[in-house]
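In this document, chain identifiers A, B, C, D, E and F correspond to the written order of the chains, with residue numbering beginning at 1 in each.
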Amino acid sequence: MAIDTGDTAFILICAALVMLMTPGVGLFYGGLVRRKNFISMLALAFIAFAVVSLQWVLFGYSLAFAPDIGGFIGNLDYALLRGVSLEGEGIPDMLFMIFQLVFAGLTLAIVTSGVAERVKVSSFIVFGLLWTTLVYDPLAHWAWGEGWMAQLGALDFAGGTVVHISSGFAALALALVIGRRVGFGAYGIEPHNIPMTLLGGALLWFGWFGFNAGSALAADGLAVNAFVVTNISAAAGTLTWLAASWIRGRPGSIGMISGGIAGLVAITPAAGFVDPISAIAIGAIGGLVCYGALLLRVRKGLDESLDAWAVHGMGGLWGAVGTGIFAVAAIGGIDGLIYGNASQFAIQIVAALAALAYAFTVTLILAKAVDMTLGLRVSEEEEYVGLDIAQHGESAQG
Amino acid sequence: MAIDTGDTAFILICAALVMLMTPGVGLFYGGLVRRKNFISMLALAFIAFAVVSLQWVLFGYSLAFAPDIGGFIGNLDYALLRGVSLEGEGIPDMLFMIFQLVFAGLTLAIVTSGVAERVKVSSFIVFGLLWTTLVYDPLAHWAWGEGWMAQLGALDFAGGTVVHISSGFAALALALVIGRRVGFGAYGIEPHNIPMTLLGGALLWFGWFGFNAGSALAADGLAVNAFVVTNISAAAGTLTWLAASWIRGRPGSIGMISGGIAGLVAITPAAGFVDPISAIAIGAIGGLVCYGALLLRVRKGLDESLDAWAVHGMGGLWGAVGTGIFAVAAIGGIDGLIYGNASQFAIQIVAALAALAYAFTVTLILAKAVDMTLGLRVSEEEEYVGLDIAQHGESAQG
Amino acid sequence: MAIDTGDTAFILICAALVMLMTPGVGLFYGGLVRRKNFISMLALAFIAFAVVSLQWVLFGYSLAFAPDIGGFIGNLDYALLRGVSLEGEGIPDMLFMIFQLVFAGLTLAIVTSGVAERVKVSSFIVFGLLWTTLVYDPLAHWAWGEGWMAQLGALDFAGGTVVHISSGFAALALALVIGRRVGFGAYGIEPHNIPMTLLGGALLWFGWFGFNAGSALAADGLAVNAFVVTNISAAAGTLTWLAASWIRGRPGSIGMISGGIAGLVAITPAAGFVDPISAIAIGAIGGLVCYGALLLRVRKGLDESLDAWAVHGMGGLWGAVGTGIFAVAAIGGIDGLIYGNASQFAIQIVAALAALAYAFTVTLILAKAVDMTLGLRVSEEEEYVGLDIAQHGESAQG
Amino acid sequence: MAMKMVTAIIRPEKFEAVKRALEEQGIYGMTVSEVRGRGEQKGIALKYRGRAIPVDLIPKLRLDLAVRSGDADLVIRTIKRAAWTGKFGDGRIFVMPVESVTKVRTDDAKPPER
Amino acid sequence: MAMKMVTAIIRPEKFEAVKRALEEQGIYGMTVSEVRGRGEQKGIALKYRGRAIPVDLIPKLRLDLAVRSGDADLVIRTIKRAAWTGKFGDGRIFVMPVESVTKVRTDDAKPPER
Amino acid sequence: MAMKMVTAIIRPEKFEAVKRALEEQGIYGMTVSEVRGRGEQKGIALKYRGRAIPVDLIPKLRLDLAVRSGDADLVIRTIKRAAWTGKFGDGRIFVMPVESVTKVRTDDAKPPER
């Protein structure tokens, strides 16, 4: 089969859309922190993307997608993109490479939630390189390369496990290692620019169409299904989180957009396997699960500051499970629990928990290692001054 | 005919582009209000989109596009997207569904202009559901389903009537029902963040390519024509409004971008029927018509606050008429007035006025009904405090 | 060959992406100036785009792409888009026209760097019309029409010479004619909103995929290569500028994003001719070259205020040369210096220097002419007050 | 010449009216800042599901005007008239003593000697 | 009634605590603005590659409260207690004389006569 | 120790120069806010199609410095010198009495007793 221009056009643009999600995360997070750390959050997103872009080209793509070693990792056959062709079936191999690259970059950007307002840039670069190599690349290999999850038949259409469980639980581990922000709990640490968070959320929702529909790797009915269920789930998550927070007080816009992201995360692994009506359920429950997780985190006094764990980690977990429940053969060829296939449900849980455990544990070790050698955290003075001035010598205002 | 990957790729991305217009409207409006209502305008846009997303999937799409009942409305054959296929001719039916969904969501977001800075969120949700169901869905059926306008041969390529006349005149009706903002006329109520309005305008211009070119439902010469005339008309509207406001004073950027939007609105119904040179005329006149409408509105002391009526309503009206004037068979198969086809011109006027009257009247009734039951408007205290705090418990600054 | 829907879909969307770069430039620049000129920078970008949009349709496209007159300019065969067809080979001719239009609009927007915070809007419009007609259109004809550069075999895949050298050196010439901002050197003139600059940079990076990959004019392997090397070069430039500025102090985010833009500029002419590994070199060196140019400009006390010269001009120059060095026949059919083809290297240098000299000289003359007749610069009072109020009667704050 | 600092907190929407009224009295110099504030009444209490939620901080403009002591009363009266709506949140005017006012720009347009 | 203007510069994170503490003392009226500042110690010196780089301006909130003279000490003590963390940057409280305070809104809800 | 509040309105571009000049005199503590202002001359009149349009509000920085009374003159002179350009809009410096200055952070790093 040769290259199809329609498929190629689609995935090229999808890759661009997913790229835009990385600054989208930066804006989303940047609006949620205090003004003195606004630039820092944006810069971390860009730096994550740039660092991973090179890592991926040099060897990351190969680790994830080159021929398998023991079900765990790819070999170095594709290092430096050797043998990655501009030809391919449907789309060029090289296009698959860059489409995967933008996912890898985004994932590291999501992780910055766990160290917001207190991380040293230099240490983050080192950590990020290690994390992408030792956490993201293996997970991508497991689920989408020739790794054990793929062999087991675990379903992860667009990255619920690889991207969201991994980044969410990594953020949690990081937050545990780096410790709470000074004054967390005692002070009120308020979002300084909610409109920027909403704009970031809009870019995420927009880019997510590329993320999920593009994961069909073709401009076909499957892509259309993914696109449609993505929007439905996002809308449902928006409304359930809004409603739940309304019951407890007023319907804030941060809750609204967080619900939308929760819905987007939850549908991610399922987008190529479930139908529109199931997407309402997945998104609606996703909004509630993530809102509950957030309340739990706050109650536990955990400073996983910008809720990557609650939204991406727990939303991804629910999505993986939900895929096992709602999958229907008419869409993706595989049935889930409600269509009588309990074993798929079990596989989903095993794969999700394995990914969770792996991402959490390895991140914990990496974070500790970086902390003990380079120091992950800025000094208290720098934290007080804010990372914009302390780390970047710049100021968002003035 | 099977699915064409090129067409499918194109409409998928166009749907994403149109989705981005909804937060674009939120930013555009949010910059124009006072700071204390910035979040409110953004949140209303997101909520409009989320609510309509579900309504559309549940039954809205069916009302608009299922088999006809009396030329007025579709039946419920496609409710819950039953029978909406992932197959189709050129593009999957399901893709047509989601492409139409993003239009419906956007339209309700435009309507928020009429209640800016004073609407209760809960009442807006109820109103929005009713409005989409009773105003938007029928109009979409008339023009694009099997309704009477389509049977009559009225032309509305991408929604000049369905989207813009309807939302613009609905905003006017809403504004009449809800009443002026406290202090309107007596105080100066100034835009608080013009750069955000310009950014919103940029996203609108960008997304409008998906809106108009995507309405060809294929990646073909017609789509290219729509894309080209869209940009030309926007540029012409930008420059005529700028020039007209320059004559009266200084060339403000709000006038500039409003002229761009006016040009975009005006070309919307015409984009698949007119050639590039006619697009200059349509856009140029569109800028002037809408600027004149704005001046008239201000002189009349009407508080249709963010000028959806002047720009979308009157721009859409001009566009419908202009389509009847400038249509040329070489592009869309049908000639207009200047090519000797006066009957098309008459049809356009009839259809536009009917849509206008229907949208205005039904909106008036719905708004009154919601106002008398739930109350459309916040208390005077809440209006003074601002909707960000009063309705959402949040603040855009600090 | 008929129209290919995949190619057409791709280039349509790419044109939309490139359009978004123009407000992206406005945001990028707007964040870098003082608050009192924020609206001005955004408005100049929109106005540049609108004015060029009409110029291009009326006669600009014809000057650039109609049949050749003496290797220098196109004739008027395509004026008013006469004979520009909705049919074509692969993509419709009319789509090529609009894809080129968005490039022309963007280029003029980049030029505004040289007159930031002190230009009269009316004079800029006159200058812009002249500049596009007398500088941009000929250069586009030379490189991409039937002009002498194309005949010579000079390579400029996506506009390193036509867009970046021309706009960068034009900005330099303009800055020399209009003179320094009041207080430049004596006062500190600081960026007022770095997050907006980063957002603008994100939109540029995003749009650049359309810019470079779209220049393949098809959704094929070449487009994929262009997309991939674009991202790699941007990432490499981001990191080298960041590193270089880190050595001299703290790693600022403006340096980071400027490095990204430098990498994007540098790869632009090369994107269809070099492989991914060469792209690392081109981007990495691009970041350093442009950073060096910026330091030089500051040392020389030149007020080319927002560094279009350093980043676009010098980055474009390096890119043209780099294309001559790294081009490889396996990608674009032509080898460069390191593959033994020194003559291509020489051709690249000749073409780049000719473009540089032409753009700089003609801009100098045009700027002088406009300055002596209409006055390019606002009064000192207006400059003090800020262009937002003085030229547009508006204010970004409040 | 004895001076007073008149600091007025007004609603932003009334700024143009206040400014014009002051101009009519020949008062031009002023410094304006964006602030948020609440009055003695604990701000406004919004009713929310039966409970009253106090709302604290509402956007206001702060005007600082250094005026001749003799003009202070006129300035206060002028602002009061122009800023008045009769609704909550109309604002406050404070007068504070000023010991000296210095213009940075020397009138003969030469830099101040070192 | 003699009044004082109490101007407190506090860390933004402590605003809620300060406000609540003041409310408990019956103090409601205040005007808040976003400022940046540094203390006498030249701000904080960040160590950067061995060199110490002074950091000048750190975001703060400025609270202006016009209070009865007799309440000034209470207000100062209350703010001090609530704003305290013991770390650098806890802030400063200034007291300045106020000569008059005028409410714009006349209590009988009629516009002030011209 | 008697203190004065020196409030200077300067052009934003001159802030670094003013700050440096003050540092040279050993003056570090200050609070800075973004304001807009116009001078006695009704702001600047821009000529626009023959008509002169007054332009009101131009971005400025406001510096508040609480200084020892004896230092006030030095501070004023220092600011005046550093902020001067000789062009319109160079700014104003006001001095106002301060009755007390309190540091929130007690020097022994223990919380203030309740």
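Heads up, the rule we're going with is that a residue touches a chain if its C-beta (ideal position, glycine included) is under 8 Å from a C-beta of that chain, and two chains touch if they have at least 3 such contacts.
Quick caveat, the model's predicted, so the values are computed rather than measured.
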item: Intersection of contact partners for chain A and chain F; value: C, E
item: Same vs different contact residues, chain B with chain C, by half of numbers used; value: different
item: Chain C-chain F separation of Cα centroids, rounded to whole Å; value: 42
item: Interchain centroid distance [CA atoms averaged], chain C/chain E, Å; value: 49
item: Euclidean distance of C-alpha centroids - chain D vs chain F, Å; value: 18
item: Shared interface positions of chain B, touching two or more other chains; value: 4-7, 9-10, 13, 190, 250, 395, 397-398
item: Junction residues of chain F, two or more chains touched; value: 12, 33-34, 36, 57, 85, 87-88, 96-97
item: Residues of chain A that touch chain C when the two form their complex; value: 3-10, 12-13, 15-16, 19-20, 22-23, 26-27, 30, 38-39, 42-43, 46-47, 49-51, 53-54, 57, 80-81, 86-87, 91-92, 94-95, 97-98, 101, 121, 196, 391-398
item: Contact footprint of chain B on chain A as seen in their complex; value: 4-7, 9-10, 13, 17, 190, 192-195, 198-199, 201-202, 205-206, 209-210, 213, 218-225, 227-228, 231-232, 234-236, 238-239, 242, 249-254, 256-257, 260, 276-277, 280, 331
item: Complex contacts: residues of chain A adjacent to chain E; value: 34-36, 182-183, 186-190, 379-382, 384-386, 389-390, 395, 397-398
item: Residue ranges of chain F touching chain C (in the complex, touch as defined); value: 11-17, 36, 44-47, 55, 57-59, 85, 87-89
item: Chain D partner contacts - residues on chain F that touch it in the complex; value: 4, 8-10, 33-43, 56-57, 60, 62, 76-77, 79-81, 83-88, 90-97
